[in-house]
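Across the two complexes that follow, subunit A remains constant while its partner is subunit B and subsequently subunit C.
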Partner chain A sequence: MKSVTHAFVERRSRVNELLDIILNSYSQIFFSTHRPFALLIMLVTFIDFYTGLFGLISVLTAAVAGIMLGFNRVTMRKGLLGFNSLLAGLGLGIYFSPSVYLLIIVILASLFTFLISVSLQGVIGKYGLPFLSIPFILGLWAFMLATKSFEVLGVSERGIYTLNELYTLGGTNLVKAYEYLNNLTLPDPVRAYFFSLSAILFQYNLLTGIVIAVGLLSFSRIAFSLSLIGFFIAFGFYHLIGAEVTSYDYSFFGFNYILSSIALGGFFLIPSRNAYLWMILVIPFVAILTISLNAVFMQFKIPIYALPFNIVVMLFLYSLKFREKYSYRLSEVYFQHNSPEKNLYIFLNNKERFRYKLFTPIKLPFFGTWKVSQAHDGEHTHKGVYKHAWDFILVNQEGKQFKNEGDYPEEYFCYNKPVIAPEDGVVEEIIDGIDDNVIGQPNLKDNWGNTLIIKHNNEVYSKLSHLKKGSFKVKKGEDVKFGQIVANCGNSGRSPYPHLHFQIQQSPYIGSVTMDYPLSNYIVHEKDAFQLKTHSRPEKEQLVSNIETSDLLVSALSFIPGQILEFKTEADSIVTWEVKVNEYNQSYLQCKNTDAKAYFENDQNLFYFTYYEGKKKSELFYFFQALFKLQKGYYQNLEITDQYPLYLTYPKAILWFHDFISPFLLLIRSQYSVQYKKIDDAITPSQIQLTSGLTNYFLKKKINEKSFRITIDRDGISDINITDDNRQIKLIR
Partner chain B sequence: METLKKISLIVLLGFFSTIVYAQQNTEKKIIEGFQNSYLHEASGNLAEAILDLKNVYQADSYPINLRLGWLTYSSGMFSESQSYYNKAVALKPYAVEPRMGLVLPLAAMGNWDAVIAQYHKVLEIMPNYSVALHRLGLIYYGQKDYEKAEKYFEKVVNLYPFDYDGLVMLAWTEFHLKKYRQAKVLFNTALMHTPTGASALEGLKLMQ
Partner chain C sequence: MEKLKFERPVINRINAGVPDKFGMSTAIQPISHIDDVAVEDLLSEYGSPLYVISEKSIRNTFREALSAFKTRYPKVQFAWSYKTNYLNAVCNIYHQEGSWAEVVSGFEFEKALANGVPGSKIIFNGPDKSKEDLERAIEHGSLIHIDHFDELYEIMSLAPKTGKKAKVAIRVNMDTGIYPHWDRFGFNYENGEAWTAINKIMPDPNMELIGLHTHIGTYIMTPNAYAIATSKLAALTVRIQLKYNHHLKYLDLGGGFASKNTLKGAYLPGSDTCPTFDDYAEAITGALSNSDIQYDHMPTLFLETGRALIDDAGYLLGSVLANKRLLDGRRSLIIDIGVNNLFTSFWYEHHIVPSKIKQRDTEDTTIYGPLCMNIDIIRAAIQFPVLEKGDHVVIKRIGAYNMTQWMQFITYRPKVVLIDLEGKAHVIRENENHESMNALDKMPNHLKEIQL
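The block that comes next holds the complex of A and B.
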C-alpha cells in the first residue's frame, strides 16, 4: 500500500514538474513564472489554433529532450530552457500551413533552439549573463531561411481570411466583436503598444495585446509600468529625431523597448530610481539599433525580431560587471525570484537585515558586563588613524572601577580578569614580557604593552592590548575559538590604569591602523532594561556584555536536520514540519501538509528566519512570523524589532497599488517585535514566555496587526497562541 | 336642400378629379422628361439631358435630384452635382445610392475627407458593402496609409475570397506592411484567378 501511495506521489510530482516546465516556458517570455499569466499567454497563442498547437508541441519537445538528456531540473522547471523553443514553434506555426511536414520541422526547430539555449547558457552563462531570446532568433533564422527551399511546406493562409475563420468559430457575433475591437478609437500609440505586445507572439491583434497587458499587470505592476515607460520613451524618441516609422512598423519593433525596459528597469537589476534612469537612457540605443539593424537585415528579407533588445540588454549587464564599486543604488539581481516586486522587497529587506551577513561576527572579548571607558573617537588616545578602538573596564554597582584607593593594579576589578577570543581565528602575533605599570605612570616606550593579535580572515584581525605579562594561554599560530580564554587583562604599555584595549584592523601588525568594524551582537545593560545591538559599535559609558544564552532557549531553537516538529491545532489536526537542508546549505522547515518552506539561520546567539515560500495558509507561516528573530539569552523585557519582507506580510490590496511606486518610495512597513516577557526561575528556568507581533503600517498609521504568545519549556516550544484579526488560533505541541 | 347637397358633391368630385388628372399629367411629363434625358444622354447631349429634367424639376423628387446629380457630374458641373446629390441624400438619408453618387463630384474636386466620410456613412448603413470597402481601401492605399487600407481590403477579400482586384490590392498592402507571408499567399491566389495577372507576377518577383 505504501509503495502504491509513494508511486502516486511520485507521479503527481512528475506531472507538476512537467506542468511547471510547460507553463513557465510561456511566462518566461516576460521573465515571469506567474502561473495565471502563463495560462493567459498560452490561451492567446491558441487564438490561432494551429499556431497555438505548434507552440505547445515545441515546448513539449524541449521538455522531453531536457528530461531525457538530464539537464538541470531547476532551470527546466523555471521554463528557462523552454521559452526560446516555444517562440520558434510559434513563429513557424503561424507562417506555414499545418501539415505533417510542418510538424517535423517544428519538432526539429524546437530541438535545435533548445540545444542553442543550453549551449549559450554554458558560453554566456560563464560571464554571468542571461541568453535572453538569442536562441530563438538564431533558430528561427536558420529554419526560416532553409524552409524557403522546402517545397512541401505551404505558406499558411492564416491571418488573411480572419473573418471567415472567426465566422466558423463563433458566427456573426464573433466577427462583430472582432470588428468592434478593431474599430475601437484608441490613440495610435496606445494601439501600437497593444499590437507590440501581441507581436511578441507573432500576432497582430488588439485583443491579444490587451490580454497580455492585463496579464502583465496582474503579474507585476513594476513590469507593467516599465513596459509603458520603455515603449513611450522610444515612441517619443522616434518623433524627436523625426524617424520615418509607420505605426505598423513601430508595433513590430515595439516589443524590443518593452522587453528591454522590463529587463533593465525591473528584472536583471533591482527596480530603483537609478535602474529606471538607466533604462530611460538606454532605450534610445535600442531604438537606434532597431532602425540600423532593420536597414541591414531587410536587404535579405530577414526580420530582426528581438535582436536589438538582446544586444542592448547584454551590453549593459556585461558593462556593469566591470564596476569597481558595488552600489546599492544600482544593484544587479543575484538571486532571481522571477518577479520585480519580489526581487525589490527581498532586496530591501535583506539590505536592512543582512547587510552585515558577510561580516565576520566579532563579539566582545570578555565574560560578563564591562563598561566602555573610551569608545571610537575617544578623548584620550583613540584619535586619528587609531580612532576606531574601545577601552573596557569593569565597574561595581556604584560605578567604581577599583576598590580601596585604586593605587595598585590589583585593586582594579578588571585586572587579571580573563580576556577571550572575540571570534574564531588563529593567533597571529603575541607580544609578552612587558611589566605592568604603576598606576598613573603609563609606559610610553612600549605603547601597546603585552598584545595579542588574532587573524579571523585575510582582512579582519582583532588586537587586544595592555594584557598582563605572562598571562597568555595561547601560542602564536594556535587556533582559537570564540570564548576561549587567551590571556588576562593587565596594565602594560601606554596604560595609566588597568583596562582592555580592543580594536579591529585590516593587517596583522602591532602598529596597524584601526578599522571601523561593527560588533555582530551584544547586550547593552541599562538601568531597568536591556537592548540587543546587532552590528553596532559600543558607545562610551555603556555597560555591555555578550549575549549569555539560556539553555532553555538554545535547546528549543536548535533545529537539527531530520528533526520532526509536530503541533496540534485546535481542530485537532496535526501539522508536521521537518527540518531540512538544501543543496545551498540553507536550513529550512518544511510543512509536510502544504509543502511550504521557512528558511532560517541559527548561530550561537541568534535564531532568525530569512525567507518563506509556499502557501500562506500553512500554520508554518504563523510560526515564521512569530519567531521571526530571537536572541537566545533571556533578558527580562528585552525587545527586539525587525522588518518582514513586505510581499509576505503586508495586505495584498494596498501592496498591489503601492508596487507602482515602490522602486522610488516606501510608504509602508511591516514590523516585527518580540518581548522577553516571563521566566519562572532566573537560575534554573523551566518555562519562558515570549510575546511577538506583526504590525503593518501605512506611513505612521497602523493597518493591521497580529500577535503571538510563545511558551517554551524544557522539551522545546510547547505552544503558540496566535491572534490574527480577532481570530484565535492555537498550536500545541 | 337636397339639390344643394348634390351640387356640393358634384363640385367636390370635380375638384378631386381635376387634381388627379393634373397629377397624372405631371407624372407623365416627368416620365417623358426622364425618357428624353436618357435619349439625349445616350446621344452624348448632356446639356439637353439636364434640361429635360430641369423642365420637370421638383425639389422634393428623389429620382430627379439623383439623376441630375449624375448628369451634372458627367458634364463636369461638380458643384451642381454635389448639390443635387446632397438633396437626394437629404430626401432618403438611409439610402446608400445617392451617397455612392455624391462621392463622384467630391472626389473630382479632390475633397477626399468628404469622400471618406461618405464611404464611412455608407458602411455604417451597409457594413459589408464591398464596393465601398474596396474604394475606401484604395483611398487609404493611395495615401500610403497601409494600415487602414489593410482593414478594408481584408474585409473585401473575406467577402470575396476569389476576386482578383481585392486579392491583388490586399497583397500589395501586405507587401508594403512587410507582411510578406500574407502577400505571397495572396499574390499566388490572385494568379489562380488570372494566371497572367501582371500585378501579381510583379509582386511575387519582388519578394523572391
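The block that comes next holds the complex of A and C.
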C-alpha cells in the first residue's frame, strides 16, 4: 500500500516537473516563471492553431531531449533551455504551411536550437552572461536559409485566414471581438506597441498584443512599465533622428526595445533609478543597431529578429562586470527570482539585513560590561589614519573608573583584568616587556606598549594594546579561539591611565593604520534597558558587553538537520516540519503538508530567517514571521527590529500599485519587532516568553498587524500564539 | 563664670613619653552621633540599651562589596545570609539592593518568603532540613544545597512525588590551606566524597545539579584560601562538563569574609589586618577567570557574605549603671549592656567608647554587663575614661549575629532602630514587655491559683 502511494507521489511530481518545463518555456520569453502568464502566452500562440501546435511540439521536443540526455533539472524546470526552441517552432510554424515535412523540420529545428542553448550556456555562461534568445536566432536563420531549398515545404498563407482559425477557436464572439479590436481607433504608437508585443510571438494582431500586455501587467508592474518606457523611448528616438519607418516596420522590430528595456531595467539589473536611467541611454543603441543590422541582413533576405536586443543587453551586462567598485545603486541580479518585483524587494531587504554577512564576526575583547572611553574619531588619539579604534575602561556603579584617588594603576578597575580574543585566529605578533606607566605619564617612546595582534584572515587583524607586562597567556603563532584569555589589561605605552586599546586593521604590523570595520554583535547597556547592535561600532560613553547566551534560547533554536518539529493547531491537526540542508549548505525548515520552505541562518548569537518560499497559508509562514530574527541571550525588555521582504508580508492590493514606483521610492514598510518579555528565573530559567509582531506601514500609517507570543521552555518552543487581525491561532508542541 | 565640672582624680603610671611600636597610646574618640543623629536623643527617645542600624552604612558597604566583584567578574550574585541578621527591615534593604536570600532553616525560609523573596531566589543551606522544608523548597524551585548523603537520599525520594525537578547544588568541604579545616559541612573534595555525590545526582531524573557550594570557614584572614577553594570548585565544574556535558550555572563561595572587628587574642586591631573586599574579590575572580571553564559557560559567582556586610552598620548604645573599684585596685564599670545583648563579646574585643568625653585621662577598666552572672563581661581590660552613672556608651560594629543570637535573659530585649538615608529614625523592632514575654506561656489549671 505504501509503495503504491509512493509511486503515485512520484508520478505526480514528475508530471509537475514536465508541466514546469513546458509552461516556463513560454513565460521565459519574458524572463518570467509566472504560471498564469505562461498559460496566457500559450493560449495566444494558438490563435493560429498550427503555429501554436508546432510551438508546443518544439517545447516538448526540447523537454524530452533534455530529460533523456540528463541536463540540469533545475535549469530545465525554469524553462531556460526550452524557450528558444519554442520560439524556433513558432517561427517555423507560422511561416510554413502545416505538413508532416514541417513537423520533421520543426522537431529538428527545436533540437538544433536546444543544443545551441546548452552549448551557449556552456560558452557564455561562464562569463556570467545569459544567452537570451541567441540560440533561436541562430537556429531559425540556419533553418530559414536552408528551407529555401526544401521543395516540400509550402509557405503558409494562413495569415490571411486568421478569422477562420479564430472562428474554430471561439466562435462568432471571438471573431467579433477580434474585428472590434482591430478596428479600434487607437493612436498609432499605441497600436504599434501592441503589435510589437504580438510580434514577439511572430504574430501581427492587436488581440495578441493586448492579451500579452495584460498578462505582463498582471505578472509584473515593473516589467510592464518598462515595456512601455522602452518602446516609447525608441519611438521618440526615431522621430528625433527623423527615421522614416512605417508603423508596420516598426512593430516588426519594436519588441527589441521592449525586451531590452525589461531585461536591463527589471531582470538582469536590480530595478532602480540608475538602471532606468541607463536603460534610457541604451535603448537608442538598440534602435541604431536595428537599422544598421537590418541593412546588412536584408542582403541575405533574413530578418534580424531579436538580434539587436541580444547584442546590446549582453554588451551592457558584460561591461558592468569590469567595474572596479560595486555599487548598490546599479547592482546586477546575482540570484534570478524571475520577477523584477521579487528581485527588487529581496535585494532591498538583503541590502539592509545581510550586507555584512561575509564580514569576520569580530566581537568585544573582554568579559563583562566595559565603557567606551574613546571611540572612532576620538578627541585624544584616535585621529587621522588611526581613527577607527576604541578605548575601553571598566567603571563601577557610580561611573568611576578607579577607587581612592586613582594614583596607582592598581586602583583602576580595568587594570589587570583579562583580555580575550575577539574572534578565532592566530597570534600574529606579541610585544611584551614594557613597564606600566605611572598614572598621568604616558610612555611616548613605545607608543602601543605591550601589544597583541591576532590574524583572523588575510585582510582582518585585530590589535590589543597597552597590555600588562608579562601577562600574555599565548605565544606567537598559537591558535586562539574567541573568548580565550590572551593577556591582561595594563598601562603600558602611550597610556596615561589603564585602558584597553582595540583596533582592527588590514595588515599584520604594529603601527598599521586602522580599518573601519564593524563589530559583529554586542549589547549596549542603558539605564534599565538593553539594545542589541549588529554590525555597528560602539560609541563613546556607551556601556557595552558581548551577548551572553541563555541556554534555554540556544537549545530551543538549535535546529539540527533531520530534526522534526511537530505542532498541534487548535483544530487538532498536526503540522510537521523537518530541518533540512540543501546542496548550497543552506538550512531550512520544510513543511511536510505544504512543502513550504523557510530558510534560516543560525550562528553563535543570532538566529534569523532569510527567505521563505511556498504557500503562505502554511503555518510555517507564521513561524517564519514570528521568529524572523532573534538573539540568543535573555535581556529583559530588549527589543530587536528588522524588515521583512515586502513581497512576502505586505498586503497584495497596495503592493500591486506600489510596484510601479518601487524602483525609485518606497512609501511602504513591513516591520518586524521582538521583545524579550519574561523569564521565570535568571540563573536557572525554565520558561522564557517573547512577543513579536509584524506591522505594515504606508508612510506612517499602520495598514495591518500581526502579533505572536512565543513561549520557550526546556524542551524547546512550547507554543506560539498568533493574532492575525482578529483571528487567533495557536500552535502547541 | 560658670562653675568648672568636677574631674575625678586618676592615678596612672607615668609613661615617659616613649611611644611603643604602635605609637602613642590611643586617644579615645567618642561617638556622639550616628549618621548625624545624636546618641543622647536616640537613648532618651527609645530607652537604654538600644540597637541602632545605619541604612546608609548597609547600602554603602554592600555597594562597595558588589563593586569589588562586579568590576572583576561579570556575573555576580549576592545572597543575604539570614542568620547574620534577619530583622525584616534589614533583609529588605539587601533585597532592594538585589540580594537573594540564603537561609538555613524552615523558619528562615518562611521569613524570606514572607519578605517577598521569590522561592526561586532562595538558597537553602544548612545541615537541618526537614522533610517538609525540602518539599517546600522543591515546590518553590529554591536552590537546595545538599549537606549530607541522608539529605540527598531524602530528596531523591521526595522529588518524584512533588512532580517537580529539584534544583540542587552540593556543599563541598576541602583543604584550602588554612586552620581549622572545616569538614563538617557537605561532602569532602579530596577524598572523592563530593564526586561520589555528584555521580549520584547527575543520573537522577528528578534532580538537576546547577551549582556547587562551599563554606570554607568564618572570619577568614587569608584571601588565598578562597582562591584555592575556587580552583577546586572550578576543577569539579570542568570534570562535570567533561563527563556529563553538563554546564553548572553557579559557584557559591559561601561567606566567611572577616569584618573589621578585632578577635580576642589578636595582636593587631582588625581594622588594620582584615583583608578588604577587593582582596577577596581579586583572589576569587582571578582563580575563576584563569580556570579551565569554557568562556560561554562561565558560571555565576554567588556570595553569601553576611558578617562583613552588616557588622559595621550596627551600633549598640547603653548607659552606665555604676562605677566600682575591684579588689586589685582596677576600676570596673557596670553598664546596662550584657552578653545577653552582645553575644559576640565572647569572640571580639568590641570597640566601645563613651558618647561624649569629659576628661581625657583613661584608666585600666573592666566593663561588666548588668546580668547577675560572673561571665557577663563586655571588655575584660580596656583603657577607658572615667564615666559617671547615667553617662552613655556606644559599641561599634555589632550588626552581625547579635540580633539573631541574642538571649532573652533576666530582662526584656530592647528596641532596634534604623536610621534611614535621610537621617530619620524608625523603630524596626519593638522592645519586649511583660505581655509579649508571657504570650507563649501556658498555665495548667491546677497551677493557676497560688496562695502565699
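Definition applied: the second predicted complex is superposed on the first by the 719 of 733 C-alpha atoms of A that agree within 3 Å, B and C clash if a C-alpha of one lies under 4 Å from a C-alpha of the other, contacts with A are read in each partner's own complex, and residues count from 1 in each chain.
Please note the rule applied: a residue touches a chain if its C-beta (ideal position, glycine included) is under 8 Å from a C-beta of that chain, and two chains touch if they have at least 3 such contacts.
All values derive from a computational prediction rather than experimental measurement.
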| Will subunit C clash with subunit B on subunit A after the two structures are superposed, or do they fit? | fit
| said: Between subunit B and subunit C, whom does A:Gln397 touch in the aligned arrangement: first, second, both, or neither? | reply: second
| query | Which partner does A:Ile683 contact after superposing on A: first (subunit B), second (subunit C), both, neither? | reply | second
| said: With both complexes overlaid on chain A, does A:Lys301 touch subunit B (first), subunit C (second), both or neither? | reply: first
| Does subunit B (first) or subunit C (second) touch A:Ser573, or do both, or does neither? | neither
| task | Considering only the touch criterion stated at the top, classify A:Ser545 as touching first (subunit B), second (subunit C), both, or neither. | result | second
| task | Quick one: the Cα-centre angle at subunit A between subunit B and subunit C, nearest 10 degrees, please. | result | 150
| task | Give the label of whichever partner, subunit B or subunit C, reaches more residues of subunit A. | result | C
| note | Min C-alpha distance, subunit B to subunit C, superposed, in Å, is 77
| request: Show which residues of subunit A both subunit B and subunit C reach, each in its own complex. | output: none
| Footprint of subunit B on subunit A - complex, ascending | 95, 155-157, 159-164, 179, 182, 204, 246-249, 252, 298, 301
| field | subunit C residues touching subunit A - in the complex, by the definition given at the top | value | 63, 66-67, 70-75, 77, 120-121, 141, 143, 167, 208, 210, 247, 249-250, 278, 289-290, 294-296, 298, 300
| request: Spell out the residues on subunit A that touch subunit C in their complex, using ranges where they run on. | output: 367-369, 394-397, 403, 413-414, 417-418, 420, 481-485, 545, 548-549, 551, 680-681, 683-684, 686
| field | Residue numbers on subunit B that touch subunit A, as the complex places them | value | 127, 146-147, 151, 154-155, 157-159, 161, 170, 177-182, 184-186, 207
